[in-house]
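Order as written gives the chain letters A, B and C; numbering starts at 1 within each chain.
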Amino acid sequence: MNEKEKLIDKKGVRLDGRKADELRPVKLQVGVLSNADGSAYIEHGKNKILAAAFGPREMHPKHLAQPDRMVLRCRYHMAPFSVQERKSPAPSRREVELSKVIKESLEPALFLELYPRTGVDVFVEVLQADGGTRCASITAAALAIADAGVPMKDLVVACAAGKVDDTVVVDLFDAEDKLGTADVPVAYMPNLNAVTLLQMDGILTPDEFERAVNMAMDGCKKIYALQKEALKTKYMVVKEVEE
Amino acid sequence: MPIFFEKKQLVTPGELLAEGDYLPGENTYAEAGKIYALRIGLVDSDNKKINVVALRAFYMPKTGDIVIGTVVEVGFNGWTVDIKAPYTAILRASDVLSRPFKPQNDELSAVLNTGDLIVAKIASYDRAHDPQLTVGEPGLGKITRGQILHVTPTKIPRVIGRKGSMISMIKQETNCQIILGLNGVILVTGKTLEEEEIAIEAIKKIEAESHTSGLTDRITQLLKEKKQVKVEENKVE
Amino acid sequence: MSSLVTKVRLKQIEQLIEKGKRLDERGLTDYRPIKIEQGLIERAEGSARVLLGKTEVLVGVKVETGEPFPDTPNEGVMTVNAELVPLASPSFEPGPPDENSIELARVVDRGIRESHAIDTEKLCIEPGKKVFVVFVDVYVLNHDGNLIDASAIASIAALMNTKMPNYEIKDGEIKIKQGYTPLPMKSHPITVTMAKINNRLLVDPWFEEEQVMDSRISIATNEDGNICAIQKGGSSYFTPQQILEATKIALDKAADLRKKLNW
C-alpha cells in the first residue's frame, strides 16, 4: 500500500478520527415498530438498521416446525438504497450466508427446547450500511427478541476488530473494511463469556488474531452496557408517566 | 451467597441476580450455581426463591386457565381458536354440542363461525400437543356483547389485585361484568357504554402503572372522579 | 428426524469423548484417511476428487474470459459455487442452493481468496477490459460429514491441476494458441474444521458427530502459519479459550496435512 492510501496516520489516528481501540458512536432504541412483537433500531456509526421479532408462534409452512424445539429464523436484508450503488432487492448469496450466521449467533441465547413446534422470526433491514452491518444487526436483533418477551440466557452483542495498515483496531467502518487487511466479527454473551459468532477474513498471525478477538470482545462489553440501557429505557418511560 | 440486586430493581435478560443457596423462580434460570434473569422485569425474592416479574412476556397455556379467544377456522369436527399464545387452541364440536357430532346434520359454522369470540377453559395442554378448550361450564361460551381489550398477560394478576380486591372494586364501582382471560384478553360488559368505558380506563391505568406503589388508591380516585363526572352530566341533561 | 434418532447415540459419543475416543476409533484430533485424485474430468481445465473417509467431493475448474470487477481492473476473477447434489445424501433436495450450500461455497471461497491462493494479477489479459475468470464448482457426491474441509482441499487440488490456455493478442483480439500453462498460484491454504461436543473439540467431524455437535469452527491457515479465514457455525457457542485452542489445533493439523500432501 502506498503512502497516500494510509488508513492510520503517524499519531495512530484513523481516517474518521478514532483511536485504535475506540468505537464509533452507537445509539439504540427499543420498541420502535408497533406491529412487531419486539423491535429495535440501531445507529452504529453511519449504519442504520431496524430489527423486528415475531413469535413464538406457529410455524408456517408447518412442515418446518421441529417436534422437540423452537425454530429461529432470521432474514438479514439490505435495502436497495443502503449502499453507494443500488443493490438488487433479491437476496444475494452474501445475505443468505449472513442470515444463517446471525441466526446461529442468536440461537445460543434462546431456550429452544422450551417451545417445541413454534418459531420465532427475526427480520433485519439494513437501511444504510457503513461496514460492520452483521454485528450491528445482531446487537439490534437481540434487543428485538428481548422486547418480544422471549426468554433469553443473555443479550447477544456484536462488534468487529481487524487489521488496518499494520495495526489491530476495533469496529472497522466501510473504508477500513474494504482496504484493511483483516476483519474479525465477533458476537458475544458477556455474562456467560460465550462467543456466538466468529468469522474472519484477511491475514493475521495467531498473535494478532488473539488481540483482535480480545479487542472485539472489549467492544462488545461497551455496547452491551448501551444495550441494557436501551432496553431499560423503554420500560422506564412507562414508569415516569404516572409519577 | 451474595445477592446482586435491590428489591424491585429493573433487570435485563442475562443479569446475574444471585449466587449460591438460592432457587430460580419465575423468569429466571440457574446455571453453574448462579441465578440469572431471562426477561426484562422487576426482581424480587421470596425467601430463597428469586423471581422476576416480567414487564414483557407472552401467554403460555396452562390446564385450567380461563382464556378469551377468536375462532379462526371452522374445521371438519371442531374449531381452531387463536388464544394469543405460541400455539393455537382446538375446540371440539362434541364439547360444544354436548352430544356426539354428526357431520351430516351439524353445520358447525352455524354454531360458531370465524371471527366469533369465546370464553373458554384450557381442558388439556402439554408442549407436544396443541391446547384443547372446553366451553362446557357456566359462564363459558360465545361472547355476544361487551368490549374487548388486550393487556400484557403478565399484568393480569395486577388487574385482579390482592385476593381479587382490585377487580371487585372496579366491578362494583362500574356495575360491569368483567372476565379476565389469563391470556391477556379482557371482556367488559356493562349496562351502558359509559360504564364500560370507565372500567376499561381503570384497567388500562393498572396496566401502565402496574409496577408502582399506591396504585389501589389512585384507581379508587379515578373511579370516583369518573362517576362524579357522569352524575353531573346526567344532571345537565 | 435424524436429530431424534441420534440422541440415543449422543450418550455413547459423549462417553467415548470423555476417554478421548470416537465411534470410528480415531483420536479427537485425527483426520480420517484422505485420498486425492487429480485431473479426472478431461473437459474441465482442472479437477480433483477428494475422499475424506466416506465423504466424497469432486471439484471442477472451468476457465473462461470475462470482464474484471471495476475496483480490481488488473485482476482476474475467481468464483466458488457449491452443489449439494441430491445423490449425496437423503437430506439433500434438488432445487436452488439453500443456506447450507451457499455457506459452504462462501467458506471455501474465503479460504482461497483471503490467502491469495491464486495469483489473480497474472490472470489479467487487458486491464479493465478482459481477464480470465476461474469458476470453481464444488460437487458434493457423498456426505459423511465435514464437507467444508473436503471441499477446501478438493478446490485447492483442482486449482493446482488447472491449465490455462495460452493466448496472444492480435489487432486487439484475443487468439487462443496451442498449449497450456499451469494456473499461477501463490499459496495453498488448508481449512481445518472442528466440532464442539460436550465442551471438547473434535477434528474432522463425520456425519453422526455433526448431527449431535453443539457448534462448529473452521479455520483456514496458510503455509506461513497465519490465519486467513474463520467460520463459526451451529447453534451453540465457544468460550474465548476454546477459540484459541482451536486455532492451535488448526495450525498443527494443517502442518501435518501439508507434509502428507506435499503442499
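By our rule, a contact is a pair of C-beta atoms (placed from the backbone, for glycine too) under 8 Å apart; a residue touches a chain by one contact, two chains touch by 3 or more.
The structure displayed is predicted, hence computed values, not measured ones.
Peer 1: State which chain is most central when centres are taken as means of Cα atoms.
Peer 2: A
Peer 1: Starting from the Cα centroid of subunit C, hunt down the chain whose centroid lies farthest away.
Peer 2: That would be chain B.
Peer 1: How far is the middle of subunit A from the middle of subunit B, if each middle is the mean of its Cα atoms, in Å?
Peer 2: Chain centres of subunit A and subunit B, defined by C-alpha means, are spaced 34 Å apart.
Peer 1: Indicate the whole-number Å distance between the mean C-alpha point of subunit A and the mean C-alpha point of subunit C.
Peer 2: The separation of the two C-alpha centroids amounts to 27 Å.
Peer 1: Determine the centre-to-centre distance between subunit B and subunit C, using the mean Cα coordinates as centres, and give it in whole Å.
Peer 2: Going by mean C-alpha positions, subunit B sits 54 Å from subunit C.
Peer 1: Scan subunit A for residues touching two or more other chains and write them down.
Peer 2: 67, 189, 192
Peer 1: Any idea which subunit B residues touch subunit A in the complex?
Peer 2: On the subunit B side, the touching residues are 10, 12-16, 27, 29, 31, 36, 38-40, 54-58, 86-88, 127-128, 152, 205, 208-209, 211-212, 218.
Peer 1: Where on subunit A does subunit C make contact in their complex?
Peer 2: 66-68, 93-94, 96-97, 99-101, 104, 107-108, 112, 184, 189, 192-206, 209-210, 213-214, 217
Peer 1: Which residues of subunit A touch subunit B in their complex?
Peer 2: 37-38, 55-58, 67, 109, 111, 114-118, 146-155, 189-192, 228, 231-232, 235-236, 238-239, 241-243
Peer 1: Which stretch or stretches of subunit C touch subunit A in the complex?
Peer 2: 1, 3-4, 97, 99, 102-103, 105-106, 110, 113-115, 215, 217, 222, 225-240, 243-244, 247-248, 251
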